[in-house]
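Note that chain A is present in both complexes that follow, paired respectively with chain B and with chain C.
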Partner chain A sequence: MAIEKLLKYEHDNKFSLTISKSESRLYMSFIGFAFIALFVGGLMGLLQVLVRSGYYTLPAGIDYYQVLTVHGVILGLVLTTYFIIGFQYALMGKTVGISETQFRVAWLGFWIMTLGTIMSAITILYGKASVLYTFYAPLQAHPAFYIGLALVIIGSWIACFVNWRQLYVWKKKHPGEKSPLLAFMVVINMIMWFIATLGVAASVLLQFIPWSLGYAATIDVLLSRTLFWYFGHPLVYFWLLPAYMAWYAIIPKIIGGKIFSDSLARLSFVLFLFFSIPVGLHHQLTEPGVQTTWKFVQIILTFMVIVPSLMTAFSMFATFEITGRRKGFGGLFGWFVHLPWKDVRFLAPFIGMLAFIPGGAGGLINASYQLNSVIHNTIWVTGHFHLTVATTVILTFFGITYWLVPHLTGRKLTPTINRLGIIQTIFWAVGMTIMSTAMHIQGLLGGPRRSAYSEYGGSEQVAEWGAYQVAQAVGGTILFIGIVLMVYIFIKLAFFSPKGNEEFPIAKEEMDAEPTPMWLERWKLWVTITIALILFAYTIPIIDIIQHAPPGSAPFAWPIGNN
Partner chain B sequence: MKKKTLPKSSSQEPNLKGTIISVSIIGLIIVASWFGVFGLFLSR
Partner chain C sequence: MHLHKYEKWWLIFGVGTLIAFLLILAYGAFYLGTHPQSHGVTIDPENIGAEETFKPENLGLTKLDEGKYVLNVVASAFNYDLGTDEEGKPVKHIQIPKGSTVLIQAVTPDVIHGFNIAGTNANMMVEPGFISSMEVTLNKPGEYTLLCNEYCGSGHHMMFATVEVTE
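Moving on to the complex of A and B:
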C-alpha cells in the first residue's frame, strides 16, 4: 500500500519537461519586450510625478497627456500582457509541453501583438492618441491607435488558443489524470482573458474604428465605457492570476515547502473566473444612465471576490507556517523567522503579498457605492492600483524573473545579482510606500487623478495638496531608480551572468495530500456558469443603455486626443 | 464497560493557529479601513 502510494506520488509530481533552446527564445522574446516596456513606461512615470510636483515643465512642447498615455498603455497593457504570455508559455512548456505547430502559431501571435504595439506606440508618440489607456470616448485618437490595439488583442487570443490546445493534447495523452496545477491555472486565466476581451474588441471594432475613420459621425459614449469596463476589471485579474500561480505553486518550493492544497488552489481560480467579469459596473458607480439596481447587483458580485482572495491569503500563511513548524520553529509566529529573507526569489513576491493587504482593502472601498463617492476620480484610485498592479503584481513578476530568465538563457542567478535584487526590492518598497501613501491621502483631500499640474486659481483646498505632490515626486524618483536597477539585472541575467543551470521551481503536493476531486476539471460547467453570470449581470443594463441612449457624441480631438 | 476509542488518524492535522490569526488580522484591517472611509463619507 505504502509503495503504491509512493509510486502514485512520484507519478503525480513528475511534470517537469525540458525547455528547448528554440522554446526559450520564444518565451524570452515576450519577457524581453516586457522589460523594454518597463523602462520606457517607467521613464514616463518619472516625468509625470515631476510635472505634478509643480517644479518641472516638460521640454520641447511635449504634452503631459501624451506622456500619461504612454505610461498607461505601455505599462498597463503592453508590459503586463507580454510578461504574462511569456511566463504562461514557459509554465505550459514545462508542465504539458508544446508541439511544433503550437510553437509556430505562438510566434505568429507574438508578431501580430508586436505589430499592433508598434502601430499604437508610434501614433501616441506623434501626439495623435493622447487619450490615456482607458481611451474614453468622446476623446478621439487617430485610427491607427485603435487598429493597433485590436491587433494586440488578436495576437493575445492566439496565445489563448495555443494554451488551450496544449492542455487538450496533454489530456488526450493522459486520460483520467488531473491536469498539472500550473497548466490548469494558465487555462483558467486565458478563458477569463478571452471572454473579457470580447467586450473591448466589440467596442474597438464596432464603435471606435468606424468613428475614428469618419464612417460614423457620433459614438455612444456610455456603451463604449461600459464595454471598456466589462474588460477593464477582469484585466486586473488577468494581471493578478499569474502572480497567484507563482504564490500557490512556486513560492512553496522556494521556501522548501509543499503546496498547501491543490484542490483549494484550483477552486480559488474557478471562483476568480466566475467573479472577475460580471463586475465592471463598480468602475461606473457615478455614471448616469445605468440603473442603480444593476450597479448594486454587480457590487455584490464584486464582493464575492473576497472569498477566493482570503482563500489565497490563508493558503499562503498556511504554507509558511507548516514549512516553518517542520523546520522546528515553534510558537505562534516563530515560523515567520524561517522564511528565506535573503533569497530575492522569495523576498520580492512576499513584499508584493504584503502590498495586497492595503491594496485589497482599498479595492473594497472603491467598490462600495457611498465610499466610492468619496474617492471617485481622485488620485486615491491611482494610489490604489499602484499598490495592486505596480507592487503586488510587478514585484511578483520581478521575483519570477530572477529564476525564469537564467533558466531560459542557461545562466545562473549569482549571489551578487541576488544582493542587487534585494536592494532593488527595498527601493521599490520604499518608493511605492511614499508615492502610494501620498496619493491615497491627497485623494481623500479631493486631489484629482489624470490631470496635469494646476493651482486651480489658488484655491484653499488645492494648497493642501502641494506637500503630497512633492512626496509623490520623491517616491516616483526612488521607483525610477528601482526600474533602472531592474533593467540592469534583467540584462545581466539574460546575457552576462555565468553559464549554469538555474532551477525552475515547481512545488509538489504533500505525500499524504487528499486526492484532488475530478469535478474541478469540468471546464464546460465552469464556462457555462461564467457566461450565465455575465448574461445575468449585463444583459438588462446593456439593453437599457442602447434603448435609452442619448444622442451620440461628436469626436473631441482637441485639446488632447489627436493634435 | 471499556471506553471506545476512535482509531487514530494516519496523518496529524497541521497546527495552523498562526495562520488563522494572521488571516483574521487581514480581515480586521479590511473592516477598519472600510469604516474609516465610511466615517469620512458621513462627515462630509
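Moving on to the complex of A and C:
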C-alpha cells in the first residue's frame, strides 16, 4: 500500500518534460519582445516624470500625451501580454507538452500580434493616435491604430486556443488524472482573457473601426466605454494570475518547500475566473449614464475577489512557515528570518507580494462606491496601479526571468547576476515607494492623473503639488535605472551567461497531501457560472445604455493633433 | 476539501470584514442617499444650446436663494465656459459663500472631459450626450482649482478655472 502510494505520488508529480531548442526560441521570442517593450515604455515613463517635475521640456515639439500613449500601450498592453503568453507557453510546454501543429499555430499568433503592435506603434509615432491606452471616443485616432489593436487581440486568442488544445490533448492521453496544477491555471487565465477580450474586440471591430474609416457617422460613447471596462478590469487580473501561478507553484520549490494545497490553489483560480469580469462598472462610478443600482451590484461582485486574494496570502505565508520550521528554524519568526533573502528568484517576487498589501487596500478604496469620487481620475489611481501591476506583477515577472531565460537558452544564473538582480530589486522597491507614495498623497490633495505639467494659473493649491511631482521624478529616475539594470540582466542571461542547465522550478505536493477533488475540473460548469454572472451583471445596464442612448458622437481628431 | 483551522479563521475574518465594508457602503448609499451621479439625462451634443440651462446667458453661477446656487458649465476642448461678466469677458473665477449648496450641471459639445474641484468630492465625468449633475456643499473656505481630470487632447492640462469659497 505504501509503495503504491509512493509510486502514485511519483507519477502525479512528474511534470517535467524537456523543452526543445525550437520551442525555447518560440518562448524566448515572446519574452524578448516584452523586454524591448520594457525599455521603450520605461524611457517614456522617465520623460513623463521629468516633464511633470516642471524642470524639463520635451525636445523637438514632442507632445507629452504622445509619450504617455506609448507608455500606457507598450507597458500595459504589449509588455504584459507578450511576457504572459511566453511564460504560459513555457509552463504548458513543461507540464503537458506542445505538438508540432500547436507549435506552428503558436508562431502564427506571435506574428499576428507583432504585426498589430507594429501597426499601432507606427500610428502613435506619427502622432496620429495620441489617445492613451484607453482610446476613449470620440477622440479619434487613425484607423491603423484600432486595426493594430484588433490584431494584437486576435493574435492573443490564438494563444488561448493553443493552450486549451494542449491541455485537452494531454487529458485524452491521461484519462482520469487531474491536470497539472500550472496547466490548470494557464487554462483558467486564458478562458478569462478570451471572455474579457470579446468586449473590447466587439467595441473595436463594430464601433471604432467603421467609425474611424468613415462608414459610421457617429459612435455611442457610453457603450464603447462600457465595453472597454468590461475588458479593462479582467485585464488587470490577466496580469496578476501569472504572478499567482509563480507564487503558488514555483516559489515553494525555490525556497525548498512544497505546495501548501493544490485544491485551494485551484479553487482560488476558479473564484478569480468568476469575479474578475462582471465588475467593470466600478471604473465608471462617476459617469452620468449608468444606473446606480447596477453600479452597486457590481461593487458587491468586485469585493468578492477579496476571498481568493486572502486565500492566496494565507497559502504564501503558510508555505513560508511550514518550510522554515521543517528546516529547523524555530521560534516565532525564525522561519521568516531564514527565508532565502539572497536568492533573487525569491526576493523579487516577495517584494512584489509585500506591495500587494497597500496595493490591494488601495483597490478596496477605489471600488468603495462613494469614496471613489475622492480619488477618481486623480494621480492616486496612477500610484495605485504602479503598486499592483508595476510592482507586484512586474517584480514577480522579473523573478521568473532570472531562471526561465537561462533555462530556455541553456545558460546559468551566475552569482554575479544574482547579486545584480538583488540590487535591481532594491532600486525598484525604493524608486516605487517614493514615486507611488508621492502619487497617492498628491491624488488625495486633488492632483489629476494623465496631465502634463501645468501650474493651472498659479494657484496656491496647485503650488502645493509641486514637491510631490519632484518626488515622483526622483522615484521615477531610480526606477528607470532599475529598468536599465533589468534589461542588462536580460541580455546577459539570454546571450552571454555561461552555458549550463538552470532548473525550471516546479513545486510538488506534500507526500501525504489530500487528493484534489475531481469536481475542480468541471470546466463546463465554471464557464457556465462565469457567463451567468456576466449576464446577470451586464444585461440590464447594457440594454439600458442602448435604449436610452443620446444622439451619437461625430469623430474629433483635432484635439489630439490627428489632422 | 480540507481547510486548515487557521485558514478557516482567516477567511471568516476576511469575509466578515468584507460584509462589514459592504454594509457601510450600502448604508451610505441607500439610507443616507449618497450615490455617485447617475441621472441618465440625455442631450444632443451637437445642439446643447437648445437646452434652456445651457444657453450662453444661463451659464456660470446663479444665486437661487440664500445659500442656494446653481452652476451651469459647458466643458469643451480646452475650456470651461462659466459665462461672461458685466464687461463681456469670460468668467474664470467664481466665488461661493461657504456652507451653501451648489447644484452643478455640466455638458460637453465635443469629447469627454472631467469636472473636478480639486481636493473636494465634486468629481464627475462629463460625456457627450449626457447632462452631468451633482449637488455639493463646500464648507472649507479657500481657493480651489476647477480642473479637467479626464484626458481630452493636447491642451487638456490648460483647462481650468478657480473656485473661491468665501467666509
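We take it that the second predicted complex is superposed on the first by the 561 of 563 C-alpha atoms of A that agree within 3 Å, B and C clash if a C-alpha of one lies under 4 Å from a C-alpha of the other, contacts with A are read in each partner's own complex, and residues count from 1 in each chain.
Quick note on the criterion: contacts are C-beta pairs under 8 Å (C-beta built on N, C-alpha and C of every residue); 3 or more make two chains touch, one makes a residue touch a chain.
Just so we're clear, the structure is a prediction, and the values are computed from it rather than from any experiment.
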item	value
First (chain B), second (chain C), both or neither touched by A:Gln370	both
Contacts of A:Thr477 with chain B and chain C, given as first, second, both or neither	neither
First, second, both or neither for A:Thr433, with chain B first and chain C second	neither
First (chain B), second (chain C), both or neither touched by A:Asn418	neither
Touched partner set for A:Pro288, first chain B, second chain C, both or neither	second
Partner chain(s) touched by A:Val462 [first = chain B, second = chain C, both, neither]	second
First (chain B), second (chain C), both or neither touched by A:Ser24	neither
Winner by number of chain A residues touched, once chain B and chain C are compared	C
Which superposed partner A:Ile357 touches (first chain B, second chain C, both, neither)	first
Which of chain B and chain C A:Phe314 touches, first, second, both or neither	both
Chain A residues contacted in one complex by chain B, in the other by chain C	310, 314, 318, 364, 368, 370, 373-374
Residues on chain A engaged by chain B in the complex (per definition of touch)	310, 313-314, 317-318, 320-322, 325, 332-333, 335-336, 357-358, 360-362, 364-365, 368, 370-371, 373-375, 444, 512
Touching residues on chain C, where the partner in the complex is chain A	1-4, 6-7, 10-11, 14-15, 17-18, 21-22, 25-26, 28-29, 34-46, 77-78, 92, 110-112, 114, 116-121, 123-133, 142-145, 147-158, 160, 162
Of all residues in chain A, those that touch chain C in their complex	63, 65, 130, 132, 136, 138-139, 221-222, 225, 261, 263-264, 267, 284-292, 295-296, 299-300, 303-304, 306-307, 310-311, 314, 318, 364, 368-370, 372-374, 376-378, 445-454, 456-457, 459-462, 514, 517, 544, 548-554, 556, 558-561
Parts of chain B lying in touch with chain A, wherever the complex brings them together	10-11, 14-23, 26-27, 29-30, 33-34, 37-38, 40-41, 44
